[in-house]
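Listed below are the structures to be examined.
Here come two complexes built around chain A, the first alongside chain B, the second alongside chain C.
Up next is the complex of A and B:
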């Protein structure tokens, strides 16, 4: 019986692999990927790569300023995003919402917001409020809300009510039940997702500079327009360094959170 | 004859969906007694226990504690009443991400003002007391671990410690060993009995297993379909009466 099943499984697997392979090669020809342009692009890439070295920064101080501005945009966008998400999540969570229709409405809104990419939000906000850091902050905040509302609301919905019963049974007040029961259950999920979102926002802040006329993304566009590939590489390296630094910072923060969590309860 | 600590008079509970879970429970519990409530699933054991500390509100009758009908209590009075009632749950119901000692300290919340309790500013005395209670259930070494790092039996002993930290007059335990293996069950019931005898704490335990009820209880109450159908010492619980309690 089980042998037959295994045999069947193997046949299915082989079939899938064959179909996938056929489709891959079909696509290769259909899209005309292996043509002169594809082969020629190697030459082009080689040419560009050679002009990238050595990476140079014309105005190093400006680049540094732009990097800091991107960082500020990311921080502001994340903080506003988190604050609004917490507020909205309280209405999106089924077990907290005053009525199920409100929960449904907020969740639908969040899903819609999530479906629109950050870049589009940035363009919309540029039209609405003009150039500068504000549209990028708003775009990041809104984009964060789309994701965080869903995650916060889900973790609120997963709260174990029987544990709250137990705290209530000790004679604890409502405030004490929330602070000593609800908060510890939510805190680490909230913090680790918020930190993760900050991580994403840093990357986006750099990219959004492309449309937002500012920040390090803008410097990258400027360099590419002038075909200054050596500058592009240098700017990319700065972005890379920035992201790496933040990565280390967020990891440090996460470790701290775990420690603080353990400490707070001693 | 020991004094009466709790008196139930015709306690009724009809849930909002119309389920009649308690159909008039009348009984008295004496100081230091270890009472076990037995009965088949859905008989109303949990509802009865949760009515005593008002985790659910009875829809009729009276429950008297220290001469007062606790069913009329609101907010402040209810909080103060609840700290006299330690509760132990089948699923332990610890705040899993908090430390063991933090969970035990929750037993002190009813004695603290709302703010300092909320922010977890427990006094030194409370912290030492919590450690002392933990060592009574053999968990002093585990005090600073996260609650969910402990085994089921250990977590239930933390549950006992949390209840004891309240300095309760009555312990309510709702199937405290239903999720444990026989060895841990034995161990947990032993701690429960030992503490209730040493501190003369009246203890009411819902139990699924009749054997454990016979072994540990001073008195057994059989509940069937929301009514008391047996009330007496374990010796009086014959095979026939047990069958009567469990057949529907």
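Up next is the complex of A and C:
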């Protein structure tokens, strides 16, 4: 690297750092944080933390039922998201699509769907299909499609053609080529991303109830409107426990697969 | 979130007794036994997943008809109610959109600053007192597992409506993600290099500047910018619970049935996300 280029790089870096710092203080100023609101809100925070303890769940409402419903919504949303993503990814992958324009159309659709947050999808689906768990399932499925189609399509595009040729050379039928050549190559990427998506969906499912009655998110909003801070803390702890439990379960299953596979091939 | 293969394999595996029999039949039996082991495991896991799906399907009373009618309804809804987006409402969204940007950026910087401290306290190779690191690790895990929107709801009722609550919510969830990411990076730092720099008689600042920072930098910048990308998405919806930003206006338009305005708001969020992702990608390119 020439000296001038180094100098230029250093200047750009310094410039970026300076702009970043200035923008930070500008943002704080714009958010009106530097004034007395900050101190006032600190007092408010201290005030409610003392009323938060001990967390209570003494209301007749069924918090655990709501948590289970959120879990079920997450499972359904993920399953349908995965199914439709696989279907769409086959059309989005350049090496499988019947025509390049279809691939572009599906990919643009996925990019648009991805850009709209899950909560907004839930709002739109509530308007379109009404209340209940259904709009949340559909919102999660659609939001998953946005992410998974992109990732599945990319992994299909990365398929190593020479392996397929090798399988074909053994005289395998089309079905055998797919089962012995394509599926093993895609499976691990598909599974790890699907599991990752499930971890995301369980978080979304916990909060999707915020916009439409139902699920544990709604219970939280309800408690916050009643200013029942002790209940809010308890519900937050239930959400935390639910997410942690699901994450531990998926991790346990993943580890078990890895262990058994290692054992079998040792 | 996930452990590496190597990490898992550190646990001693109970290896099946290897058949010393070299004849083909023995090898075939051995292969069959291994195959059976994998199949059994796979059947178990598929069974659990299948049961979970059936259980949820039954409990949520979902029917496939909803899929068709839902898709039809949403398509009709988007085509008739959302289009065309109301261009005259752009000025209404500009201010809140900027507020969202400020919220997510300030939240990101704050969470980076806090995470940096926590990361060094958590990292095992920094050898702080195990109780301190355990407490910090638990805090980070808790902050990560609770979604930003939940923090938003709690903070709005604690410190009032407005972007300040949103900023703190985004910062809290940021500490959860970045605290873990940074501590992982610190744990991977090559201590031999640090030792080598120390051996030259460098003072603490020189040690950090010459050996720790260069190893830390790329992960630090990458994760911070990634968090900024996430923050924009989170901040865009935080407004729906009253925590400031574009979500407030969007929620209001939807609840007033002003769907064409709402469509414009969604487009603005889309544009904001694209803009931020483009900028972070450029900065990443420049700094790394």
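Heads up, the rule we're going with is that the second predicted complex is superposed on the first by the 220 of 266 C-alpha atoms of A that agree within 3 Å, B and C clash if a C-alpha of one lies under 4 Å from a C-alpha of the other, contacts with A are read in each partner's own complex, and residues count from 1 in each chain.
We take it that contacts are C-beta pairs under 8 Å (C-beta built on N, C-alpha and C of every residue); 3 or more make two chains touch, one makes a residue touch a chain.
Keep in mind that this is a model prediction, so the values were computed, not measured.
Asker: Thinking of the overlay built on chain A, is A:184 touched by chain B (first), by chain C (second), by both, or by neither?
Answerer: The first partner, chain B, only.
Asker: Thinking of the overlay built on chain A, is A:163 touched by chain B (first), by chain C (second), by both, or by neither?
Answerer: First partner only.
Asker: Please determine whether it is chain B or chain C that touches the greater number of chain A residues.
Answerer: C
Asker: Does chain B (first) or chain C (second) touch A:224, or do both, or does neither?
Answerer: It touches chain C, and chain B stays clear.
Asker: Is A:171 touching anything from chain B or chain C once the two structures are fitted on A? First, second, both or neither.
Answerer: First partner only, chain B.
Asker: Quick one: classify A:8 as touching chain B (first), chain C (second), both or neither.
Answerer: neither
Asker: Return the residues of chain A at which the contacts from chain B and from chain C coincide.
Answerer: Shared contact residues on chain A: 261-262, 264-266.
Asker: Which of the residues in chain C come into contact with chain A in the complex?
Answerer: Within the complex, chain C contacts chain A at residues 1-3, 5, 8-9, 11, 13-16, 34-35, 37-38, 41-42, 45, 48, 52-53, 55-57, 59-62, 66-67, 69-70, 73-74, 76-78, 98-99, 101-103, 105-106, 109, 141-142, 145-147, 149-150, 153-160, 163-165, 167, 233, 236-237, 240-241, 244, 250-251, 254, 259, 266, 269-270, 273-274, 283, 286-287.
Asker: Which of the residues in chain A end up touching chain C in this complex?
Answerer: 12-13, 16, 20, 23-24, 26-28, 30-33, 37-38, 41, 44-45, 48-49, 68-69, 71-73, 75-76, 79-80, 112, 115-117, 119-120, 123-125, 127-129, 133-135, 137-138, 192, 196, 199, 203-204, 206-207, 210-211, 217, 220-221, 224, 227, 229, 232, 236, 239-240, 243-244, 247, 251, 253-266
Asker: If we count contacts the way the header does, which residues on chain B are in touch with chain A in the complex?
Answerer: 53, 55, 79-83, 85-87, 89, 91, 93-99, 101-102, 106-112, 114-115, 117-120, 144, 146, 159, 162, 166
Asker: Please output the residues of chain A touching chain B within their complex, sorted ascending.
Answerer: Listed in rising order, the residues are 160, 162-163, 165-173, 175-176, 178-181, 184-185, 187-188, 261-262, 264-266.
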